[in-house]
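Both of the next two complexes hold subunit A, though its partner changes from subunit B to subunit C.
Up next is the complex of A and B:
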């Protein structure tokens, strides 16, 4: 992509999310979401082949439908309550419609079908933006209106998301699809807590974003898109096997790693509200995710697949891609658990 | 009299929506979309928001006509399928039923007169005083004008970027 085009598009991508984060009027928040949707489309279609175009069209149609429902909710709310501020959406119908629209934008379970389809067809770097940065704006809206959201709908969406995010990823061999299903499951974790303790949801999103960034950047280093290509990772870049293993275990929520923190806090919050059934369901469905993360780890880090002798020396050639952010992000996504008191105090 | 006009226009609007939801061919879909767009503007105008209705008519239908011309040019069939046949009839029935159901659940009662009154309240409270609203875009609301201009600009920019030929 030409640098000038890239500049305008990435500036608009930043502008869209910032506009949604800054606004307290429904119209400007909606405009920010629209700018976001538009600005990522050229990034998706950048490789200019039919799979990318198909993904972009699917993404555009889903997001346009969600925006339309959201606009309908906004206008209905303004009609019923005569106010346009973003903090309250007190009308029941408008609140339900808004929940559904935001769920479509975030890729929550009954509306999740676009996430794997779209992520599968686009390059790793665009997929990274799609699964991280694009979640920020809808989450911020959901965070601000969380007191007036219908809790039963949210819990249904959350349980379905974690279960389907776990089940959907089970037999996948493509890494982008697996990451998409992992995103669905994590959005479920975020939504189950958003009406009880919204800050916890933001914490979960933050840690999910840092871990996903690490994974996408590490996969992008070797341009790996399938599990079987990861079998050769050990001789391309040996430290990457360790980094991918740690990050995946952290995403799965194993104790000494960062990813344990949001899951721990969310489960504790649910139990504190006497919601033990939900807590158990969430904890069990996280095991499904852990299973397919373990499949990736098994292929990339726990086994050395047989190969010919002259292909075992790829690590000594100089690498063309930079690893600038990967070490930092690895530390963030695997070693922040001792800082959890800080996170709780700040929230 | 005004009630009757708005009632008639709303009825035609719903019919137009049902027509393009059950479209048999994109050409007629575009045609009925243009028709319902015009009817929507007519409703806004008849609620005494003349400027808003006129601007939306010109801008929206200007864009719609481009799309319509495009679909008409893209459709290669010599005799495009119109609204005849069992499938289309059942589709229309289904969409009309859907409209009724949505209306029933949203308003809680199937009573059209309420609808007209509610449209009226939209007219006088939310989108009313359209002239002053537009003038604000050139005063203290100038930032919104800049923002909207930027959105229109990146929309055309992105469309050109996506559809331009690359080697």
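Up next is the complex of A and C:
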């Protein structure tokens, strides 16, 4: 892609999210979300393939629908309460509509059907931005309106997301779809705690973003999009295999890796608020996610997959691609568990 | 489908009269064209839905000699009274769909495509379609230019002691008299889109494989192998990836191997300047077309169609895109 085009797209993405984060008027927050949607579309359609265009169309349609519902909620709220400030939606109808719109934006079940298909059709770099950066702006809006969100809707969204995210990812052999279902499940974890302790939701999002970024960057470096290619990765680049293994375990929520921290703290908060059934259901559904991560790790790192002789000895050759952020992100996504007291204090 | 039929026609069909047949076929012929022939018992579809072929075919001998089981979809002789009990059919159909759904749910626990993951990953070859019984023929759709008013004929039947399928017919390039068709003369057989429970569209995931393998015996004519990928969007329903298959025509079987990287992209029948790779993770159907502008009979015997992984074939896509040809790149 031309560097000028990349500059405009990245600047627009930054602008969109920043606008939403910094706004106190509903219109500017909505504007930021729209800028984000529109800015990523050319990035998605960059490969000259009809599948990428199809994914971009699906993404645009779902996001535009969500934006429409959101605008309706904003105007309804303004009509009922005569205020445009982005801190609380006092009106129940507006709050419900806003929740549903943000759920579609984030890819929460039952509005999650676009996530795997869109992620599968676009290149890894665009998928990375879709599943990480595009979540920040809607989460910030949810964070700000969290006191007025309907708990029942949030619980339904959360349980459905974690269950469907785990169930849907069970049989995938394409890594992008696996990461999409993983995103759905993690958004579920975020949403369940956002009313009780919004800071915990932000922590969950942050750690999810760091782990997903690590994964996407490693997969982009090695150009692997299927489990079969990942299974032969130990020939090409053993450190990448280890990094992918660690990051997947972290995403699955296994101690002593960082990914355990948000899950543990969320479960602790839920139990403290007497939501033991909820906590149990979330913990069980996280096992589904862990199952398919473990399957990937089994085929890629724990066992040696049969390969032909011409695929061996590829690790001898020097690495030409840059691995700028991968070591830092790996450390963040796997070694930060001892810093949990810091995060608890900050929240 | 049976429910729809019943609703449209009121009561059940203990008696069939000629008028009802014709009306039913005109109204519902296209609706039933893609439907499995379970409800019709021994009636098998061997030609396009709108053709009236059987009387003409029966008068021709030789290559077009029909076996007992081959009857056109629209021809139900008044002498043969068929008992169709719709209530039972509907109940059986609903039960079948629920069984399929249960099987899908159980298979999901086992692994991708109902097999454990390591089996799917280790799979190097897979036979997708093989022709051993009449049920295998049901999975294919036969079309010819009769749908646009042409004169070609095409039939599909079992041959060689039920060890292969024979796709045969007569190609006729005579133009239909509608004043707008410029070219005519094609015959094709396409596989039906795989359906899951409640007729949901499924697709084949061939991402572990990189080559198509066909065991065929032709008559020396050049065929086109067409692969269609998942067609959810209307705009993509005309997209096609094709490649040639040149048959030898001898008495020996021919093994044709076409890597997926060689398939070129065309849309609405025109090869596009902007070429795209065939992405093998959402394949919906494969087809064989004959359109070589030569009038005369043709035949193609198919033993099986499979896919396999050729580790020596590392090419991803055989064609380049150039800014000179396609300016919007």
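Simple rule for what comes next: the second predicted complex is superposed on the first by the 344 of 347 C-alpha atoms of A that agree within 3 Å, B and C clash if a C-alpha of one lies under 4 Å from a C-alpha of the other, contacts with A are read in each partner's own complex, and residues count from 1 in each chain.
In this text, a contact is a pair of C-beta atoms (placed from the backbone, for glycine too) under 8 Å apart; a residue touches a chain by one contact, two chains touch by 3 or more.
Given the structure is predicted, the values throughout are model-derived calculations rather than measurements.
Legend: residue contacts after superposition of the two complexes on their common chain; A:287 is shown touching neither subunit B nor subunit C. In the superposed model, A:35 makes contact with subunit B only, not with subunit C.
Look at A:61: by the touch rule set out above, it reaches neither subunit B nor subunit C.
By the touch criterion stated above, A:50 is placed in contact with subunit C alone, subunit B being left untouched. When the shared chain is aligned, subunit C comes close enough to touch A:299, but subunit B does not.
Residues 48 of subunit A lie in contact with subunit B in one complex and with subunit C in the other.
Against subunit A, the residues of subunit C that register as touching in their complex are 108-109, 111-113, 117-118, 120-122, 205, 207-208, 229, 232-233, 236, 239, 274, 276-277, 279, 281, 311, 321, 329.
The touching residues of subunit B, counted against subunit A in their complex, run 106, 118, 121-122, 125-126, 144, 147-148, 150-151, 154-155, 157-158, 161-162, 166. By the touch criterion stated above, subunit A contacts subunit B in their complex at residues 5, 8-9, 12, 15, 19, 28, 31, 34-35, 38-39, 41-42, 45, 48, 56, 76, 78-79, 82, 93. By the touch rule above, subunit A contacts subunit C in their complex via residues 48-51, 54, 57, 120, 167, 170-174, 226-228, 231, 295, 299, 305-306, 308, 310-311.
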